[in-house]
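Pasting a structure below so you can have a look.
Order of writing sets the chain letters: A, B, C, D and E. Residues in each chain are counted from 1.
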Amino acid sequence: MTDATAEHVPSGAGQGSLLAKDARTAKRNAAETRFKTYGLIAVCIGIAMLILLMTSILSNGLSAFRQTTIQVMVELPEDKLDKSGVRDPEVMAKVTTFGYKPLLRDSLIATVATAGIETDLDPKDLEALVSDESVAQLRDFVLANPEVIGQTIPVQVLANGRIDGFFKGRVTYESAALDNNVSPEQLQLAEALKEAGLLRTGFNWGFLTLPDGSDTRPEAAGLGVAILGSLYMMLIVLALALPIGVAASIYLEEFAPQNRWTDLIEVNISNLAAVPSIVFGILGLAIFINFAGLPQSAPIVGGLVLTLMTLPTIIIATRAALKAVPPSIRDAALGLGASKMQSVFHHVLPLAMPGILTGTIIGLAQALGETAPLLLIGMVAFVREYPSGPPEGLFDPATALPVQVFNWTQRSDPAFVERASGAIIVLLVFLLLMNLTAIFLRRRFERRW
Amino acid sequence: MNDMRLTERAVDQETTKITARKVQVYYGDNHAIKNVDVDIADKTVTAFIGPSGCGKSTFLRCINRMNDTISTARVTGDILIDGEDIYDKRVDPVQLRAKVGMVFQKPNPFPKSIYDNVAYGPRIHGLSSNKADLDDIVERSLRRAALWGEVKDRLAAPGTGLSGGQQQRLCIARAVATSPEVLLMDEPCSALDPIATAQVEELIDELRQNYSVVIVTHSMQQAARVSQRTAFFHLGHLVEYGETGKIFTSPEDPRTESYISGRIG
Amino acid sequence: MNDMRLTERAVDQETTKITARKVQVYYGDNHAIKNVDVDIADKTVTAFIGPSGCGKSTFLRCINRMNDTISTARVTGDILIDGEDIYDKRVDPVQLRAKVGMVFQKPNPFPKSIYDNVAYGPRIHGLSSNKADLDDIVERSLRRAALWGEVKDRLAAPGTGLSGGQQQRLCIARAVATSPEVLLMDEPCSALDPIATAQVEELIDELRQNYSVVIVTHSMQQAARVSQRTAFFHLGHLVEYGETGKIFTSPEDPRTESYISGRIG
Amino acid sequence: AARDQVQIAGSSTVLPYASIVAEAFGENFDFPTPVVESGGSSAGLKRFCEGVGENTIDIANASRKIRDGEIEACAAAGVTDIIEVRIGYDGIVFASQQSGPAFNEFTPSQWYLALAAQIPGEDGALADNPNTNWTDVDAALPDAPILAFIPGTKHGTREVFEEKVILQGCEDTGAMERMMAAGMDEDATEEACMSIRADGRSVDIDGDYTETLARIESDANGVGVFGLSFYENNTDKLKVATMGGVVPTTESIASGEYPVSRPLYFYIKKAHIAAIPGLKEFAEFFVSDDISGPEGPLAEYGLVSDPELADTQAVVSDETTMQ
Amino acid sequence: MTISWLFLILLAVGTMAFLMARGRALASVDGDARNLHSLPIYYGLNGLLTALTPALALLAVWLIVQPIAIDASVKGSFPIGALPEGGTLDLVMSDVRRVADGLDAADAPDALSVEEAATLLGSGGVALGTTLTTEVLTAAQQYRDSRSTMNLFMVVAVLVLALIGGAWAVMRTNGDFRARNVVERGVLVLLIAAASIAVLTTLGIVLSMIFEATNFFRQYQWTDFFFSTTWKPSFSGRGGGSELGILPLLWGTLYISFIALVVAVPIGLFAAIYLSEYAGPKFRSLAKPMIEILAGIPTIVYGLFALVTVGPLLRDAIASPLGLGNSASSVMTAGLVMGVMLIPFVSSLSDDIINAVPQAMRDGSLGLGATKSETIRQVIVPAALPGIVGAVLLAASRAIGETMIVVLGAGAAARLDLNPFEAMTTVTVKIVSQLTGDTDFASPETLVAFALGLTLFVITLGLNVLALYIVRKYREQYE
């Protein structure tokens, strides 16, 4: 192709036919394909890992959203529950759950007999079919409706965790044979109850609304308090960390004089990200509880601690995004007589928005899933009272979703494993809902120039 | 330095708008502007000419302190506008830049709509009281920059999706929309065809009625057509400055002479 | 369309390098290039002229498929180089672009040193076997782009710290360093002073000995000086195409006529 | 506003019992359900000793007795009147995978020989523990490599394990005697006895029993150390071994027959009783026969009920502080 | 409630100041905004800020100081003799406060007798620690009195300040007033305040650790801490004998973080490149958030995944056959799993930064005949370097600070070993376990956590300085 007459004809880059690839092009193309494939593989690894983890979470946890209940005809004799007969709530409250226990047991025996089911289980084993929670349920119901005393009423009570597990496949006849807490006979009875229509498995609203239950009542443990606690904390984190983080980054990136001081601050902030999260708990305990006198176990303190923990992430992401905006954009605005503040807020910040939102997404994800710092400020706890509405509720004791996961994975009853996985699902849904706005906004702000 | 100092005797009947004294600019170690003294008159067009890399843009950016944004740049000497030292501590560069508008050498539209690009200046300076007013300013500015016809149907399209010359005119429209007292234009017609160039030159001439315009150009013809004064820069020195006619017909410095005579443009 | 099709008879003694047939380009709904047919000869300089926004850059970018990078751009029709359809599936745009180099309208130096900017192409194409070789290529390219003198002492300084015209020449140097067969230059002299312009024009003339050069320019004089063929674009149409002399002296289309006669440049 | 719920922190071993009681307390009283935190005995006592006042905890749970140093620190912060309440005992058991090798009987000596870092020879000179298989330790044991999952040093259980099993084994095998005979002083001997090998045959678990269980499930040869109540809840997955021939049950532990157990406590700030509603009621409820007695829910869950519960009840109702 | 009301009134005053200042500015130039120095909104904002900032600051200070002051005064007049046995004044105050709150329900709270008050509180569901005494009731009433007087003062003071501020701003307003500069200075102060929070946090962390760390070094030889290669804490209950060398922990930290980054950085970076440069917008907008979920999965899930799945897999498939050990928990397990968690830290942030590199850079390179991958490697990634390094640092930081995955994946054994299939542990894990562990809290075994934290802090500081230096050195700033 090349003309030999020319004085200098370098062996140019792209000579020869376009359709025939020379060796070098073929090599470069191969490199290109390889590079692109690496990228695709990387994305696929990410997604595959996600799918793998999600599958294991879902397969373990979806069953937490179903719950087995037993319908018992409960006889409520007046002589046991209100001897005086005046229905004075204070007097009636004197009968504790321990007083209700025999009632429920007798009613259960009667119910089984009425349904025509033969069983040679002794009363104690029979009673173990239902949750310990049911007596409390029953007592609350009676105290709220004193008129039912003396009647026999149908009550829907929670089945014991192992019976529940049997209908979810977690407990089998084989495992029950080895298990001190449930016997194959009990399982047989449960099956019979199911056939009789007295036992059914339905959607588990209680999982989302009930407070935590103690170690003996996995079937009654719910996420109500934890969801509220996490919600409160995330509101605080979002309301504080995002504006403070963005403001700090703007100052450091756009306004601060570039000197050793700002270098120090910059290094410091990246370093804060490497501080183990439990250290933020130490700090929170010292500042917010011991010094400022805020209450223990309260979402306000948790929120503040998580804010401090999230700040570095948001600042690092925001600064990187601000740095990436080309200076020519700033020049254009300044040249029109915009102040620095205006050029930043009108032009630079919108262009940096995708990065800021990514930082927020990742920061919030981290804050939502963090337990260690909450350990020291009293939020890794067993809390059964719901916090009240904001703002007062921010000062009431509460837990958080990751705390619930953490606590439940440590309990001995295997039924809590299922609950913990269910809590993780709730946490992820929570995270997804929280991030949806950010993801949507990020798509809107993304543009190339 | 043996530069010619023509400035002193050049200004008599006009008032001086911008005065520069002993201006030096360094980019790190690179001494880009060397000891420049110049007086730019009000209501005139001043052209800066000189070979590429001689410091025209640098000097232009000194006049509205855009060099402040380059961390390596360091400016010494005095520049006065209407007798006020613009490098004085009390001077707000923002106010200065509102007064001294600029069209950059490389078109840099905002990644926003064409309308918003032009409306941005009037908005931040509060030049319009309502939407109709603003529409009016935008249309007038685009018309003055000879762009209206091409973009009137796509005002909402992004300014970055325009052709090179269109972007350049958009930046001109954006700058005139704020009605600055001094307009610095760094090669405003470099990407324009002759007709558009003529229209922009017309605009410059019109602006001269009220404002002072400084224009950097490589086209000697253009300098001759639009400017009353011409300054010739060479390797950071202001070699010669005076009436445009005089500079082009009888330059005093041999360097000017040789630059002019190499005319090709 | 009633465009003149001068192309057919224009080419006889020379071999055709680039053939375009029924090329249409759309940016979303915006029909930017309308049914353009053109044959560009080998070892000639072809100038594209036309008012700003008429589609010169767009068409130029079609020739090395740079439009592929604009997500809204859509190209139809055929463009053949050496008889091969460059939009063919089997064609690798990378190989194409190595063969068809480009200097963009807005100088876009990499944020790297001046040396690395120029060495970038030779490096990726493996044009040098050792450091000395590469140094040689860099120096020769910078010399050809008339930039060597200004930057020889600061080769390690970032290319983005150059003046506008210097950046433009850097981009020219960068493009010639890879010795493409076809060189597309989008207003390569827009930011250059007359002397530098003359040097670049000399370069173009020299390149013509071996390669084919397509240059977009707004300066009719420049087109007349450097090109053998000229194509006049208007509103996306190729209005007239032929020998440069002919186009400038006796244009056939009234639009060409009026564009030429409005000569001001 | 003033705090109106009882605030408890401390031992993770006591946590399940405390939360069972808190739950029942909330159900049966008008007081709000107490908040129970875990985090470990020491962390709980540290919080406990931070001072008196509303933003400090009322009760600290502990799986060991409060130490003198801690009492001093408490006093320094103004926490002087402390009521100590012993709620019962925790048994520590040795269990392995249901389908794994037949680890059914252990003695302290076997554990000492299996896990000690160094074992003295006949002359009393220490040498690295050569045993790698349980049969090296005792031919009667199953043929399986030694792999023990024991509590990490952050757990109170570890201390009990070291003192009641390893040290005991050291004594039983006569290793202690030999070391003393070779001229080591008492402290050094104990130290040498209880130093656990670090070559991977003994794995420290810093997490909880659930982690031990998970590790055993993924390794059939593993033997783990568990709390009794944890084992009771997972009898379908674990099989327990006897220690010195005694089967661990609440009864055998209560009678003192089964050697590896420890008392569990909680500590109350007396000063808070007047200020925190429900604090005393909670404490009384906790030690009541209904709850902590041998038939109560705590015993059902695995707590070894205290034979001297009546004394404890008196301590609580009289608010008797420690001396 | 008063606070919320006060807040609303303040907001109203602020709005008024806004409108009046803006109106006055416009009036001063006869309604022609063009003659103003700044945009009208800046005059308004100046009014708003001048009215609200001092008032809100006062309110905040007042709200902090008032309870302390009232407590002190009520305490001062509480008869010491009336203290319950063993109680302290502080604790009685909580009863007083509870009673004071409960009395809200009464019609004439000041005239109640002890019995009436007790019934009222009982029916109102206010739980008391002890039975109500006259002293407590009197104190509660006194408490209520001073509280309401103080509240009144507060409302008046805050409102007056707001009005003065607003009025001053309005008075000051005229066409030449540099409202924008003033407002921007105000905003700048806010920005600086935000930046100082980050700095103060650092300060707080260092301070909260340095005190206890000093205590530690008083009880334990620093040379042993820094140079000993054994980590073997024992129980302080048994007295001494602990060996607390940081080296094995540091080694574990670096080793595990290194493996995690070896996994996360290439995968994350390639994913970012693929998403920003190759993937279509649809795929990208789906895949990016999906990968981000990986950052939100609680670490305990990763830990269990490592423990139950990855650990045994690595042991059976690699370690055992190669004779590299039989441990299911290993540095490799923890590192791999942690790497997965860190992928989104690298990928998402880098993706945004890469996306922000101007198209002209890509065009310049592609136009020279570079392939996309050459463009990416040689032009785009260097231009995006500061952001990418930031993302990697963030990932590294997370790796260093992570506990759960290490505990479950790598075990708790402190060991200096090169074999990646052996169990090891990290500084962070030991900080957590020593801090929450069952050792005496004044003993070196617990205090070592603070020394570990401080050392880790200094080391990561060093790494960050290094990173900053690298970025400075290789940064390529586009225009």
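In this section, a residue touches a chain if its C-beta (ideal position, glycine included) is under 8 Å from a C-beta of that chain, and two chains touch if they have at least 3 such contacts.
Keep in mind the model is a prediction, meaning the values are calculated, not measured.
S.K.: Once the contact rule is applied, which chains count as partners of both chain C and chain E?
M.R.: Joint contacts, listed by label: A, B.
S.K.: Suppose every chain is reduced to the average of its Cα atoms; which one is closest to the average of all protein Cα atoms?
M.R.: Closest chain centre to the overall C-alpha centroid: E.
S.K.: Among all other chains, pick the one whose mean CA position is farthest from the mean CA position of chain E.
M.R.: C
S.K.: For the pairs D-E and A-D, output the one whose chains share more C-beta pairs in contact.
M.R.: Answer by contact count: D-E.
S.K.: Using CA atom averages as chain centres, what separation in Å is found between chain A and chain E?
M.R.: Measuring from centre to centre gives 19 Å for this pair.
S.K.: Hey, how far is the Cα centre of chain C from the one of chain D, in Å?
M.R.: 83
S.K.: Just the number, please: Cα centre separation of chain A and chain C in whole Å.
M.R.: One centre to the other, that is 58 Å.
S.K.: With centres defined as the mean C-alpha position, give me the chain B-chain C separation in Å.
M.R.: Chain centroid spacing, chain B to chain C, equals 29 Å.
S.K.: What are the residue numbers in chain B that touch two or more other chains?
M.R.: Expected reply: 94, 106, 124-125.
S.K.: Mark out which residues of chain E touch at least two other chains, giving numbers and ranges.
M.R.: 180, 304, 359, 369, 371-372, 374, 435-436, 477-479
S.K.: Any chance you could list the residues of chain D touching two or more other chains?
M.R.: If we look for residues of chain D contacting two or more partner chains, we find 1, 3, 30, 32, 39, 43, 54, 207.
S.K.: Identify every two-chain combination in which the chains touch.
M.R.: Pairs of chains that touch one another: A-B, A-C, A-D, A-E, B-C, B-E, C-E, D-E.
S.K.: Mind pulling up the chain B residues that touch chain A in the complex?
M.R.: Touching chain A: residues 64, 66, 69, 71, 93-95, 97-99, 101-102, 104, 106, 108-111, 120-121, 124-125, 160, 171, 174-175, 178, 180 of chain B.
S.K.: Which stretch or stretches of chain E touch chain D in the complex?
M.R.: 84, 86-88, 90-92, 94-95, 97-98, 101, 125, 127-130, 232-238, 241, 304, 307-308, 311-312, 325-329, 407-408, 411-413, 415, 422-423, 425, 429, 433-443, 445-446
S.K.: Help me check something: in the complex, which residues belonging to chain E touch chain B?
M.R.: Touching chain B from chain E are residues 32-34, 36, 38-40, 178, 180-181, 479.
S.K.: Under the touch definition given earlier, write down the residues of chain E that touch chain C in their complex.
M.R.: Per the touch definition, chain E meets chain C at residues 359-372, 374, 378-379, 382-383, 476-479.
S.K.: Give the list of chain A residues in touch with chain D in this complex.
M.R.: Its residues touching chain D are 93, 96-98, 132, 136, 139-140, 175-176, 178-181, 213-217, 289-290, 293-297, 375-376, 378, 380-385, 392, 395, 397, 407, 409-414, 417.
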